[in-house]
Amino acid sequence: GGGQESAAENNVPEEETLSGTIIIAASTSVQPLSEELGAAFMDQYPEVSVEVQGGGSSVGVKSAADKVADIGAASREIKESEKSYGLDEYVIAKDGIAVVENPDCGVDDLTMEQIQKIFIGEVTNWSAVGGSDAEIVVVSREEGSGTRGAFVEITGVEGDDGDMTTANALVQPSTGAVKQTVANTPDSIGYISLGALDNTVKAVRVEGVEATNENILNNSYKIARPFNYLTNGEVSEVVQAYLDFVFSAEGQEIVGQEFIPVK
Amino acid sequence: MTNYEETMELVSLNDNSRKKYYWKNHLFYIFIYLMAAITILVLVAIIGYILINGIGHINWEFLTSEPRSMGREGGIFSIIIGTLYLTVVAIAVSAPIGVLAAVYFAEYAKESKWVKTIRFGTEVLAGIPSIIFGLFGFTFFVIFLGFRWSILSGGLTLSMMILPTLIRATEEALKTVPQSYREGSLSLGATKWQTIIKVILPSCLSGILTGLILGIGRAVGETAAVMLTAGSALGLPESLMDPARTMSVHLYILASEGLSKEKTFATASLLIILVLLINTIASKVVQRFINKAKA
Amino acid sequence: MNAKIKIENLNLYYGSFQALTDVNMNIYEKKITALIGPSGCGKSTFLRTLNRMNDLIDSVRIKGNVLLDYKDIYAKDYDIIKLRKKVGMVFQKPNPFPKSIYENIVYGPRIHGINDKQKLDEIVERTLKEVALWDEVKDRLKKPAMGLSGGQQQRLCIARCLAVEPEIILMDEPTSALDPVATLRIESLLEELVRKYTIVIVTHNMQQAGRVSDYTSFFLSGRVIETDETDIIFSNPDNKKTEDYITGRFG
Amino acid sequence: MKAYEKVIEKLLLICAVTATLSVILITIFIFKEGISVLSDYGMINFIFGTKWSPTNGNYGILPLIAGSLSVTIGALVIGIPTGIACAVFLSEVAHKKTAKILKSAVELLAGIPSVVYGFFGLSVLVPAIRQFILPIIQLFNEDASTSGFSILAGAIILAIMILPTIVSISENAISSVPIEYKEASLALGANRQETITRILVPAAKSGIISSIILGMGRAIGETMAVILITGNMPKVPGGMLDSVATLTGTIAMEMGYATPEHQKALFAVGIVLFIIIMLLNLFANFTLHRLGGQAND
Amino acid sequence: MNAKIKIENLNLYYGSFQALTDVNMNIYEKKITALIGPSGCGKSTFLRTLNRMNDLIDSVRIKGNVLLDYKDIYAKDYDIIKLRKKVGMVFQKPNPFPKSIYENIVYGPRIHGINDKQKLDEIVERTLKEVALWDEVKDRLKKPAMGLSGGQQQRLCIARCLAVEPEIILMDEPTSALDPVATLRIESLLEELVRKYTIVIVTHNMQQAGRVSDYTSFFLSGRVIETDETDIIFSNPDNKKTEDYITGRFG
């Protein structure tokens, strides 16, 4: 029927037989994007099924290394310790990390240093950063989270002694959970992927710069990170086709809906 | 005579030597009634809160359409299917093993050290927390056996989890079969196995069914172990090797990420209704059996 | 006379407790042998050695011989299944299976390989007639056996036992759970059955033993105190203890 | 006996051993993955270390143990009196009809998946603690503060979750105390309350204790509900309103994101949890044995 | 003579089933009254109306009067607790609490407000002596009561009952679960106790009734057929049915 027709039209012989399953193990920040990309890809190749697993950046890396998944997706730079796997990296998008606070908080602007101090636990009261006299409720992501990895690295919360996030931080296991906690807990502050930002929480300006795509692309907004796709060794035809699709104009357009395209 | 009335009646008597006791009596009953009332209230509060907020959002569309944008929109069709598959696999694997194991314990096992050991092993399995099952399923089925995150991995993990429940329920059911049935059958020259298959198992079928239904309930409600073994992919599973997301996992994700209050409540309500249904069926089965036995 | 079963020096232990001591007895073909004695004296235990129902109890150990048609039923290679087919048993409390009347009776024949519907129907009719239950239940054969009265249930159990064509029927206080009318019916049934079958019956009812049995054995503390023709036991026992028991001075 | 009977018995035996084999398999695989961390890092450092920060290579799980224990103990403190009171109510105080209805209600409570409780805790209890309980506590201690994600929230939700276990097993135990005891007590002129507190409950104690131990096992093992409501803060808590992270919650949360080393550490946490549950099982067996022996000799 | 309890036109129903019909009887002070009759005739039911133990059963309805010391124990304002203190009860199966021997006996006194250790010790010693158990158990008072033999347990239960200083003791087949030796001990104990207490005893053992009691009431199907001095009932009953029962013609 129709599938054959369109394949003939495109006149690309391999696509006619393109079928199989692609398993992507993605960090929660890359998961929605991967699902969108996967869905679009499947529209083009109905015989292919793209399965996107939730998980974390490390699991993305590990899954790719273990070949549990065809593609691992990480929302941070590959760590030194992970380089040994010898994975191929593809930066598919960029994402900013928004520092968000409960909408009732009065603080609009924070410096990188203030952010660092708040998350290290040196500043515990909003009054120290120009807010009202209320204790700061810090909300962080769990150990191993890509967002957390990127955030602590960029903001300097990670120092010579490693990740120094205050022990008094509430920990939530996903971007959504952080957002929900910050939205519901007075005097709280957290960080989430810019793509997930909505009006339930308030994003603060960092060093006076608003968290927007433009500001990230022009490098004025400092807290941003890459989204990586990782593969292990030779990839199958169908995975390669998927990667090609991601970097195609159509793929990057999908990226652009929530994140920052790389091409 | 109701007990509270009895107490009150006694309190009204003017008997000095027992005054102290009446006072204690009062406190005792107040405490008991209060605690019972709190428990019931909590039950009503939880179920009521969730159903009131959720039941309005359950409709045909919700049940039959695919979830979109991580469940923020759309329905939960693929999740219902995933739950179904996973439960079926879990039951299909554990039911025969569980029932036969129970038959062994109830009909064959002699009280030896060895039998005590495997009994203890069964009890231990029942006590292992689900997250440990999850860890195990992850290293064993997902990685070691290479089943990946799949209905198979999840189903096998779940079947291990519900095995003790099944064994226990079946064994209890077998114990209720009067010894006289066994004697009657054996005295007619039936072998032990014939006796079990033709007389004993049929006469405690409902007990076994109840066990199965309880097992299903547990499988449907499990979250942690399923997440680590069957994954949490949203797609419609098509084979045993596909990953799946169950309703409990979906509810967890919706709740923790705050994706959509409305869908969260709807999913929670559906889960409660499902459990209610499962419980009712279980007790109906038992009731029918009792009626049949009486007739 | 023909001793269908010969019991020689039978000793039985439950763990370390000796329940039967040096039992010697003959059970004669096509006669009714009654076992009497006070509670706990070992009547049931003895009865259950005759079809090896005691094998169900783990702690039981047995010494001595039980010869059925001159073959030791406790010999290694003796086929228990055949033994139990040959030696039927009726229990104190009627214990029909939770199945239909019909299914109860054909259970045994089916076990033993008869699957022909017509043959089974015949067996059902014949045995129910033998226990005089046919007229009462012929219209409700497919109804649950549990719906019968106690006396009917007990007769059904006897019919079920007859259906596998035993030669010997063991009965352990078969009427003690029944009312007087049902008891009388069973007693008169015994008189019919003894024409074809060898019957051993345990009873705590002296009158019953006197009425129905040909031979009586008196048990006391696991020993057979006296065993003889019923008339002799009841009119002129050898042993003082037997006399005391029968006249109700103890027990 | 026919030959196939022997074969069948062997087959059944295999089925019966499956559960035990599973336990062994689970033990082997969990230990295989986690034992290296325990030995490299040091058992003492691992269990008594106060800093859980795997990305920095700090694997001290004392905060997690403290978290698990505090919510569990909290749940027991709330759940035991309530549960036993309910059991007494159902078996001795309520009318038969009421008791029957309530018993099935309690069973229903037992069947509800734990995530549902977690969700309820997250959307009702956590804000309620922040808004209603905190002000009350602040009357006595001005410095008190809480985000609502707390031991208290975890304990309450876990208590609700273990209530059905405690209630139904205890109710059973109390109901199966021989009626003779009750009659004897009443015949001596004791009233119902005295009979319950002095005779029935003590006579049912082994059943009640086993219900508590089962409930405790369930509380320690609970995972998802706890993640949603305790705040997951790996810090040794100082009070009821503090947030905590639990052993189970930490495993479930971090498993997905863990680097290989971190993952091994999580398996090691699993080993500790496993051992705690085993000890609890053994302890339960031992206690019941002792109580049972006492009651019968 | 002094009627300690006077039962007037007592009728008792379990739901719609009438278990006692028009019972009239006197129970005399410091005498032993035996209740006899076949199984199910209502002896236990009647006994349990005397200390209102039937109140435990939801379906029970009662009509008529039970006058204890001329006061109706079923009157609205009658104190049940006091009633049961005054009217002790001993059950068929020995039922000591799963506590120590000592704790079993002091349970009642404690309930009634005695907490003084010395006083309790006295009570334990006195009652155990009264039931002739003191010498056997004085060295193991803190040991579980369950460790005693059946006969000892039953005497302990009697002692427990005496500890609350009752005036009347109800006994429902107190020896039927005991062996002959233990039975004889309890019977001789009764002869001691009747000097201080009024005793009502249910028994299925005709000889026992004859041996120990002063008065005997014969129950049949919920009615009192005959009630009189024991000697008269056993030697020269008014009623044919009484005679039939006593001579063992039915029951």
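Just so it is clear, A, B, C, D and E label the chains in written order, and each chain counts residues from 1 on its own.
One rule holds in what follows: a residue touches a chain if its C-beta (ideal position, glycine included) is under 8 Å from a C-beta of that chain, and two chains touch if they have at least 3 such contacts.
Given the structure is predicted, the values throughout are model-derived calculations rather than measurements.
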| item | value |
| --- | --- |
| Chain-contact steps, minimal, separating chain C from chain A | 2 |
| Chain closest to the middle, measuring from C-alpha centroids that were averaged per chain | B |
| Centroid distance [mean C-alpha coordinates] between chain E and chain A, Å | 83 |
| For chain B paired with chain C, centre-to-centre distance based on mean C-alpha positions, whole Å | 46 |
| Centroid spacing, where centroids are CA-atom means, of chain A and chain B in whole angstrom | 38 |
| Residues of chain B touching at least two other chains | 6, 10, 21, 191, 256 |
| For chain A, residues contacting two or more additional chains | 54, 172-173, 184 |
| Residues of chain E engaged with two or more neighbouring chains | 81 |
| Footprint of chain C on chain B - complex, ascending | 110-111, 178, 180-191, 194, 198-199, 202-203, 292-295 |
| Chain B-facing residues of chain D, complex | 1-2, 4-5, 8-9, 11-13, 15-26, 29-30, 32-33, 81-82, 85-86, 88-90, 92-95, 102, 104-109, 111-120, 122-124, 160, 163, 167, 191-194, 196-197, 217, 220-224, 227-228, 248, 251-252, 255, 266-267, 270, 273-274, 277-278, 280-281, 285 |
| Interface residues, chain D side, partner chain A - complex | 51-58, 63, 126-127, 130, 145, 147-149, 227, 231-235, 243, 245, 252-263 |
| Complex contact set, residues of chain A against chain B | 23, 31-32, 35, 49-54, 66, 68, 172-177, 179-180, 183-184, 200 |
| Of all residues in chain C, those that touch chain B in their complex | 51, 53, 56, 58, 81-82, 84-85, 88-89, 91, 93, 95-99, 107-108, 111-112, 144, 146-147, 157, 160-161, 164 |
